[in-house]
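Labels for the chains are A, B and C, by order of writing; each one numbers its residues from 1.
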Amino acid sequence: MKFSLVTGLVLMLGLVMSIGTIGMADQASPRIALFVSTINNPYFVTMANGAKAAAEEFGASITVFDGQNDASIQTKQVEDAIAKGYSAILLNSVDQSALVPVVKEANAAGIPVFSVDRDVKGGQRVCYIGTSNVLAAEQGAATFLRALALTKFAKPTPWKIVILEGIPGASAAVEREEGFKNVLKPFIDAGVIKVIADQTAQFDRATGLKVMEDILATTKDIDGLICANDEMALGALRALKEAGVPVGMANNGVIIMGFDAEADAVAAVKAGDMVGTVAQAPFIQGYWGTEAAVKYVQGTWTVPADTQVYKPTGAKFIPTPVAVVTAENADTITTLTLAKPPLPR
Amino acid sequence: METTGRFKLFIGAANRNRILFPFFSLITLIVVSAIVSPYFLTVINIKHLLAQVAIVAVLAVGETYVILTGGIDLAPGSLLALGGAATAALIKWVGLPIPIGILGGLFIGALAGAANGLLVARVRIPSFIVTLAMLAIGRGATLVLTNGRPITGFPHGVSVIASYIGPIPVLIIIVFVVYVLAQLVLSYTKLGRYIYAIGGNEQAVRIVGINVNRVKLFVFIFSGVCAALGGIMMDARLDSATPTAGQGYELDAIAASVLGGVSFTGGVGSLTGTFMGALIMTILGNLLNLLGVAAFYQYIAKGMILIIAAISLSRGVRYAK
Amino acid sequence: MKGVSKRFGGVHALEKVDFSLGKDEVVGLIGDNGAGKSTLIKMLAGVYRPDDGEILFEGRQVEIHNPKEAKSLGIETVYQELALVDNLDIPANIFLGREPTFRIPWLGIIDGQEMERHARQILERLKIKINSMHSPVLNLSGGQRQAVAISRALYSNPKVMIMDEPTAALAVKEVNKVLDLIVQLKKSGVSVIFISHTLQNTFSVSDRVVILRKGQKVGDIATDKTTPDEVVKLMVGAEEAPTGVV
């Protein structure tokens, strides 16, 4: 039995070749804790990489905590970190409201809090470093409309489009939907565009495939597809190709717009299968967040006086760049998304 | 009814009754779907439907084996991702030939299953706990392996797995073969008999000198292999291995088993039922999408179906240990 | 068995108990609840290992590590907590663990017809009528279930048959059937250890009674040299053991 216990555990551990990077704390340098909402998504992996790059560059140690998209887990992690006395907290909150109490605890303990990519609705934050999903989605929808008009101008309206939404209720899903609708609504009302399906595909590639397959069973007459993330767009793209439906502007096919500028999606944009994908800058968010935290702790940086306020939450807002990746800029986009532009002073 | 063939299908009288509920549910669902949606019985939809059911169905085979012994496996969703990613990495990064890469992925699934099995059978930790841990570990290992990013674009051979022979997806053919073999094992072999027996009265099985631990180890390894197979099928379907693949699929696999009449306390049920359960789940999702029902209601509808199934089945259960 | 002891944590289930069983002999094992009867026979059946003492079988010292070894020595057991698998049918229960298979290596394909034929034979020999061989044994009556359990034990022609409270929870008619069965077994050369809380039953079939109390042997007397009253006194400890105390 002992043998089995050991073998079982060794097998389990053997599967986990190394469980990431819980950095050895270096007492002298600032110790930064980054709480990402989930590591289960390339976006946040990139954010963590940006944070690590900055930590190395500015001589700090960084520990990344995976909140597993669970507010109670993240709360616990932040509480533990407060107890361990980190120098600063970078919070990519799972939930806008649920994390407010621990932010207040951190305030009480005198640990500065920076929110990254997703802000919270209360407590003291030094600043919010991120983008507005609504604004970014508006940019994506505008590019989508332009491509649709350029490709389908000869086809009688209404042009038929499909919208794939993210996980129902998730803040990114809600905000991106809002951004899409802000731009598309006037055209829908005017009868230029007809939404033939507006479904969730859970931000998931396999689900995107399945939902699009189901839609294709009802009609192949689709002019456009706009998705709240790339995973769903890529799954749906696969279903369209499988069904022999032409895609891309060059083929006068389905115009597909994604979101997040994942590597696979950027490749699809280059190949002409997708017209674009919205690039937020997770690397810069992680990088700036860490840089700001380190320098703030060392007293060499504070939030610039002329910083705007993020209206939904009232935090001081340092926006990171948003770009729509299209065939024209796809080759150079990584220089933008993996860049290390100077932190606003 | 006495059957006296030399090969006698062993599912027991009560098991036969438990097939009736999923069978009639499935027929009803198909008839209703055909009536309410003109697209349901189209070739393209059926073709898609068969491809869609394949992955959940293959996970459900392993899950059914485990549940029949009175255990539960929460790891299949994660091991799907791990097996799929391992195969993808072996083919794409290491450059191994496709069949070797597939065997490698299945082997990883077996290894993870063996860890589950050893801890459950020998160390006697409840399967719920062990496989819950494996759910986390499998997902973590996948993220480490893939560095959190999808592995995309396989050599052409992989997509053969997700292709169609006429309107029949290759995926469903694979699933069919797995089901037939797995049901034959359950019905006609000692191993299958002991799987049912352990679910019925584990103590009694130990007393007659059967190596219960070995049987349990087997079912968990088998479940791990099924999950990895599901992952490889997913790779082929998406032409990529995503680290988030299969999240929550263990629940679909469990639901398919339960809908198919597999008793949660073990010892009762069959794969025929499980396959019908998987079909019910998939058709329901398909129909709701065809009708354009919003996601919020889809969740509720699926939950209701499960409850109804559980109630109807529990009427017939006199098997609680 | 010589001087066997068994402890469960702090509980001394058995302490230095000697126990013997002759050929063709029926020994009734008697004792209050928790006296250690089941523990004693489980050591013979290979379910527990003794902490101390030794087991001799046909004059040789043996170690019984598991139920399989007990069976191969010719010791079969019908357990108190009826070890039937409720969801399986009668043949499956009788043959559990030794299903006849086709001679195809590795696969272990069960020969269902062969199994059913044998099962019917055994049940006929015990004169037990059961309508449906293929309904789960859960649906059988207590007596029928007992019969299935005994059939299982009988199948391998054992030398020693251990029966732990086979008559508990049975109707009088069915009890008599089981007692008849024990007499039959004895005649066909099987030694029997019989445990029952009904002294009347024990006395009607046993050649000898062994009395346990709180894990110790307090009596070992030929049945025709004692009375139920005397045995009860030994059982509850009201009187010192008159004979055979070691």
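Operating definition for what follows: contacts are C-beta pairs under 8 Å (C-beta built on N, C-alpha and C of every residue); 3 or more make two chains touch, one makes a residue touch a chain.
Only a predicted model underlies this, so the values are computations on that prediction, with no experimental measurement involved.
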Original post:
So which chains are sitting against chain A and chain B at once?
Top reply: none
Subject >> Chain whose averaged C-alpha position falls nearest the assembly-wide average >> reply: B
**OP:** Compute the distance, rounded to whole Å, between the mean C-alpha positions of chain A and chain B.
**Re:** 32
Original post:
Measuring from the mean C-alpha position of chain B to the mean C-alpha position of chain C, what distance in angstrom results?
Top reply: 42
Subject >> Whole-Å gap between the CA centroids of chain A and chain C >> reply: 69
Original post:
chain B touches which residues of chain C in the complex?
Top reply: 45-47, 66-68, 71, 77, 79, 81, 83-89, 92, 96-99, 101, 107-113, 116, 132-136, 138, 152
**OP:** Over in the complex, which chain A residues touch chain B? Could you list them?
**Re:** 1, 3-5, 7-9, 11-12, 14-20, 39-42, 44-45, 165, 168, 197-200, 204-206, 209-211, 213-218, 231, 234-235, 238, 243, 262-264, 267
Original post:
Which bits of chain B are touching chain C when the two form their complex?
Top reply: 1-8, 10, 12-14, 188-191, 193, 196-197, 199-201, 203-210, 267-268, 318-319, 321
Original post:
Which positions of chain B touch chain A when the two form their complex?
Top reply: 37, 39-40, 42, 44-45, 48, 51-52, 55, 82, 108, 111-112, 114-115, 118-119, 121-123, 133-134, 137-141, 143-145, 147-150, 152, 234, 237-240, 242-247, 285-286, 289-290, 292, 294-296
